[in-house]
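Right after this note come the structures.
Two complexes come next, and they have one chain in common, chain A, joined by chain B in the first and chain C in the second.
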Partner chain A sequence: MRITARLRKHIWGYLFIVPAVVIFLLFLWMPIVKGFVYSFYHIDFVKGNSFAGFGNYRTVLHDPDVWTATKNTLYYMFLCLVIGFWVPIVFAISISELKRFQGFVRVAAYLPNVIPVVVLYGLWRWLYDPVGPINASITSFGTDPVSFMTDTNWSMISLVFMETWQQFGAAMLIYLAAVLSIPRDLYEAAEIDGAGVWKRIRHITLPFIRNIIVLLFVLQLISTSQGYQSQMAMLDGGPNQATLTYALLIVKYAFTRLDYGAASSLGVLMFLVLGGLAVLQHRLSSREVN
Partner chain B sequence: MKSADRGILSRYDLQKTPNRIAYAIMLLVIVAMVASMLYPILVTLFNSLKSNVEVNSFPPHFLPQHWTFDTFKKGWNYIELPLFFRNTLIIFGGNMVVTVVVLGLAAFSLSRLNIPYGRAINFFFLAALFIPPTTYIVPNFVNLKDLGMLNTFQAFWLPAGANAFFLLLLKNFFDGISHELFEAGRIDGASDLRLFARIALPLSVPIFSTLAIFVFSTAWNDWFWPSLVMHTDKTRPLATAIYNYVINVRRLDTNVKFAMLTMVMLPPIVVFLLFQRFIIRGLHMGGVKG
Partner chain C sequence: MRKLRKASFILASVALLSGVLTACGSNDGNGNNGGNTGNAGAANGGANDGGTKATDSGTNAAAANGGNAATDDAPAKKITISIYYPTPDLVEKRALEDDKIKRFNEKYPNVEVVKSDWQYNPNEIGIKMGANEAPTLFNTYATEGKFLAERGWAADITDLFNGYEFKDQMNPILQNQFIIDGKVYGIAQQGYVTGTVVNKKMLDDKGVAVPSYDWTWDDMLNTAKAVADPKKGISGIAPMGKGNEAGWNWTNFLFEAGGEIQTVDGGKVTAAFNSEAGAKALEFYHKLAWEANAIPKDFALGWGDAVGAWAQGRTAMVIAGPDGPVDQGLNQGGMKPEDILVYPMPKADANGKHTGVLGGDFLVINPNATKDEQEMAFKYATFDYFSDKGLESVEASIQQRKTDNKYFIPPVIQYFTDNSDYGQKVKAVYDKYDNVYQYSPEIMSLLDGKPEAQFNTQDYYAEMTLNVQSVFSKKDVDIKAALDSSAKKMQEKFYNNIKVE
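Presenting the complex of A and B:
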């Protein structure tokens, strides 16, 4: 009797949750669980699935492309840090010192975030063209033109530049809000104590935004480790597999080679590596919120 | 001088020559940054107003020499833009309804109705945040195929309700509404559903506007996932259509191509300039919580 009374009291509360539970089960947990299951099966839409044991894992671990893709992904993550990670921090601190036009500069810096990625791809293919505007200005200095897209040494770097151009504004605004929230009295006190500008930045500004730097660092690792869309849209993993990332290889296994089982096992392997990073990010962000 | 007027630099710092030089360099870098943010966006617009010969000439110039406006008419008739635009809006509208109803009700119940085992249910929802989405992209597709949802709008609408991050944002927002309001409503005899519809929803306009921006930008931007799920023009959203028919096509005149990119780029820019406040707030939520 007690249980039914309790249920009756909370009947609406549970009814409100039911649709969400069904949808989460069907469209989130089901795919996640299926991913593990499929990784042990040979998937065939026509003849039906058959158990493959560790066959899929053996296939992918013996595929040299997997190692190329892993290396490329690490290289991509590294480039995103070297080229992109520090940019928003520097600009946030600089822009916080602007006395006028701060609002305009913020909007301008964030604007590329707003343009759809398909426009980004179309636009930057033209900018990077062998006879595009970037090469026009390079050659006007008397330097040889650069094949931004087709040179294997340049292709990944070019993509990272493009993505940094588009995305740094978002991180910049987050840093900027933090920099602007630092109490001004601290700088005043430091200046009276004889600290120069660099010392003030090093010992007041940077320590104040340290937690956000760490958090955005981990977030960037998580997102760049899964990057594949610009590599796919701009170069389809080429030239000569120079921009074939791990996530792109998953997509190619599934939708080009139509080997959904092997693609699932690649997904599981990726999950095992990235799960740790996600837990770390959650720890950091709950600390940030509190 | 009031301490609130200063930043890292004080007025005194700027009287020293080395600091003035550093500040001037900083201003130059910011101006260069703003220029490099705006140039590609403006060049997209201006390229659409050039003749095709002029767009492809080397070295390229910034402003058109002969302004041509029929590129927009050609672009408008090149593919059925209104149809794809309608599809994007249908996806956006349906996703929004599901977000408000399914996630709103669930978040309200978890936040306000004190149901038994609420914490466990909450964990069931939020644990998905730890799993990087790229790792289950393939089983997700196979799952939708198994459910027979390929080429239907349901393939977008229903999974929109499986967003753990939005649920978290909503629950946090409901947690912040003063509970006296709900007590008062209860004393007046309002049912749980009425409390949700008449008190929680109207007070949550700010958070739903922020979510609307997220949902809109996903619907407008996302091209890869829809290209897997939607195989006919009848249901394809704008971004996928642009990718298939504009970005990856060589035959199309470059100036018409840029006219189409401009048409796709302008709506989000207008939305951004109108709703800046909500967008920046959403950015902070998204940035700190992943």
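Presenting the complex of A and C:
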């Protein structure tokens, strides 16, 4: 009786969330559950599926490509942190210190984000060309040109530089909002006490945006662990699998080898690892809200 | 009033929910939602003035009913087929297809032809079939015949083919690639033997002698070395090095060296590309890269990248089905016919053969389509074959290209043989126009096409791509060890699971 009364009271609320629940159910939760189920099946959409037990897991765990892809992914995540993670922080703090042209610099820094990826890849292919502008600058000092795309030592680094250039603007805006929300009187008090720029950044700015830094750190780990777009479009995982990431291998298992069961098992393994990171991110964002 | 609002909201929610569910629902087999199979074609049938309307589906319906219905009077059954339609950039081909659809509908007014510009992609076909979204008639490549047949993704059209009046005039070089264990799974369209297309102007500009058509690997190496200018970013040859195209390009050299991709014996498939011939072919790639310094520094080139580089004058030679680069060079790169030389693949040595991978385009019928739809798709696919109307359509396309100041590039191999009556008719049309690119008769006599691997072709190409990249990026690579390792991998991962019956 009490349930009915409560239902009647909130009926409109429940009805309003029905479309969202249905859409999430069909396009998000059901694929996740199906991914788990498919990982135990040999998938054949036309002739019918057959139960494979842990066969798909055995297949992928015995595949040397999986370990290569895992190592490459960890390397890619590491490079993204070393090359790219600090860039938006530095830009945000620098822009916040600007007295003039702050709006212009903010837009200019964000601009690469709106470039379509096809244009981006074409542009950087040209920049990295053996006779392109970067190599022209390098060789003008009398050194040999660098094969940015096809030297296995450089290929992943080159992709990370390209992605950092394109993507730092979005994170920078988040940092900038956090920096600008710091009460100005703290800086004024510090200035009166004789604190210079570096001391203000170290003792006021960084402590204030610490939680945002940690949150974006975790988010970056999650997103880079799933990276495959530029690796696939620019180099198809090559040369010599130097840019074959875990997510790209899943794509190859599914759409090149057409082994959806094995691809699903790789996805499940990744889901378990990322699930841990997602929990961590959730806790951090709750702390941020509090 | 409030009740009315409530009712409206509930109705709207139900409508939204059903909309979402409908969007997710499965189709009837061809990406067409239901409603087409009913006998709603009476109006069309009534308007039909031809005597053929009931002979196709109507006869089947009469036979199925066991009656001897007057088929000419029976309303033709409404049938919908979705067909492969060229992409928007191929304006001339689209015009040809539109004209064909119009003429087909004049003959078969009960058939609705739905255009699908989905282009066959090995990475997408699984999803298309799984989602029941593949067109009734779709295009594919020569490599895919066995694969599609084994997966059950190509309809067995043996009966339709056997009933086809021109079946004996189909070019066997092409058609046989889709006849597997005596069953027919596809209809040949056009084909090629992979060759080398040379930018002659680049050779002339650098004073490099043009080799004879009967050339060897050494000739290719020396020409590539002579024309390359790495400091300016110009390479002598651009073997593809990104994606599966890299393995496909290299396989030509494997064949020229006398090698095989795999052998089938006693029901077992065995990797064979790690032979002496394989090592020799990979060593030739090594020489091109490290001895001649003749390949692009950025060798991660797919088909479009390599052919584009050739058309832009950044490389003098490219390995491909010749009509592709010639089309790009003449119609997009601003080259003149005299700047382009189409060569057969070079022979390994003076005693070798100019063997190139045999490839081509085929049409395949969706096995999920009904028998009526399959029959109509077959009729559509072969509608212009061996017909004067088809010839007129080709001539109109040549004339249109002439008006647009463009060239018409005929396929190297057609679905008919060149010396057949129809082949002679087509040649007579080509000879009338100066904007039809003519392949040298000399190279046509040298071409030696060899079909691709029967089993796991794309997996083999993917594996060989790694070796090609390895040779291009590491000077000290152990070629034999790399090939042996790849052969072992292919054997254990794929070939051991195959039982050939």
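Note that in this section the second predicted complex is superposed on the first by the 264 of 290 C-alpha atoms of A that agree within 3 Å, B and C clash if a C-alpha of one lies under 4 Å from a C-alpha of the other, contacts with A are read in each partner's own complex, and residues count from 1 in each chain.
In this text, contacts are C-beta pairs under 8 Å (C-beta built on N, C-alpha and C of every residue); 3 or more make two chains touch, one makes a residue touch a chain.
It should be emphasised that the depicted structure is a prediction, and the values quoted were computed from it without experimental measurement.
Enquirer: Touching A:52, do we find chain B (first), chain C (second), both, or neither?
Expert: In the superposition, A:52 touches no partner, neither chain B nor chain C.
Enquirer: After lining up the shared chain so the two structures overlap, which partner does A:131 touch, if you call chain B first and chain C second: first, second, both or neither?
Expert: both
Enquirer: Output check: A:19 vs chain B and chain C. Expected answer is one of first, second, both, neither. What do you get?
Expert: After superposing on A, A:19 lies in contact with both chain B and chain C.
Enquirer: Taking the superposition as given, does A:89 touch the first partner, chain B, the second, chain C, both, or neither?
Expert: It touches nothing on chain B or chain C.
Enquirer: Going by the contact rule set out at the top, does A:249 touch chain B (first), chain C (second), both, or neither?
Expert: So A:249 meets neither chain B nor chain C here.
Enquirer: Who does A:159 touch here: chain B (first), chain C (second), both, or neither?
Expert: Touch status of A:159: no partner.
Enquirer: In the overlaid three-chain picture, which partner chain does A:77 touch, first (chain B) or second (chain C), both, or neither?
Expert: neither
Enquirer: Identify the partner contact of A:260: answer first if only chain B is touched, second if only chain C is, both if each is, neither if none is.
Expert: After superposing on A, A:260 lies in contact with both chain B and chain C.
Enquirer: Give the label of whichever partner, chain B or chain C, reaches more residues of chain A.
Expert: Comparing touch counts on chain A for chain B and chain C gives B.
Enquirer: Both chain B and chain C touch chain A; at which residues?
Expert: Overlap of chain B and chain C footprints on chain A: residues 19, 23, 26, 45, 125, 131, 254-255, 260.
Enquirer: Would you tell me which residues of chain B are touching chain A in their complex?
Expert: Its residues touching chain A are 3-10, 12-13, 19, 22-23, 26, 29-30, 33-34, 36-38, 40-41, 43-44, 47, 58-60, 98, 101-103, 105-106, 108-110, 113-116, 121, 124-125, 128-143, 145, 147, 158-159, 161-162, 164, 167, 191-193, 196, 217, 220-221, 223-224, 228, 239, 242-243, 246-247, 254, 257-258, 261, 264-265, 268-269, 271-273, 276, 280, 283-284, 287-290.
Enquirer: In their shared complex, at which residues does chain A touch chain C?
Expert: 15, 18-19, 22-23, 26, 44-47, 125, 128-131, 145, 147-152, 234-236, 238-241, 252, 254-258, 260
Enquirer: Looking at the complex, which residues from chain C come into contact with chain A?
Expert: 9-10, 13, 16-17, 20, 24, 122-124, 126-127, 129-131, 151-153, 230-233, 241-243, 296-300, 302, 367-368, 458-459, 462, 465-466, 469-470, 472-474
Enquirer: Touching chain B in the complex: which residues of chain A?
Expert: Answer in residue numbers: 6, 10, 12-14, 16-17, 19-21, 23-24, 26-32, 34-35, 38, 43, 45, 91, 93-98, 104-105, 107-112, 114-119, 121-127, 131-133, 136, 140, 165, 169-171, 173-174, 177, 184-185, 187-188, 191, 197, 200-201, 204-205, 212, 215-216, 219, 222, 225-226, 228-229, 232-233, 247, 250-251, 253-255, 260, 263-264, 267-268, 270-271, 274-275, 278-279, 281-282, 285, 288-289.
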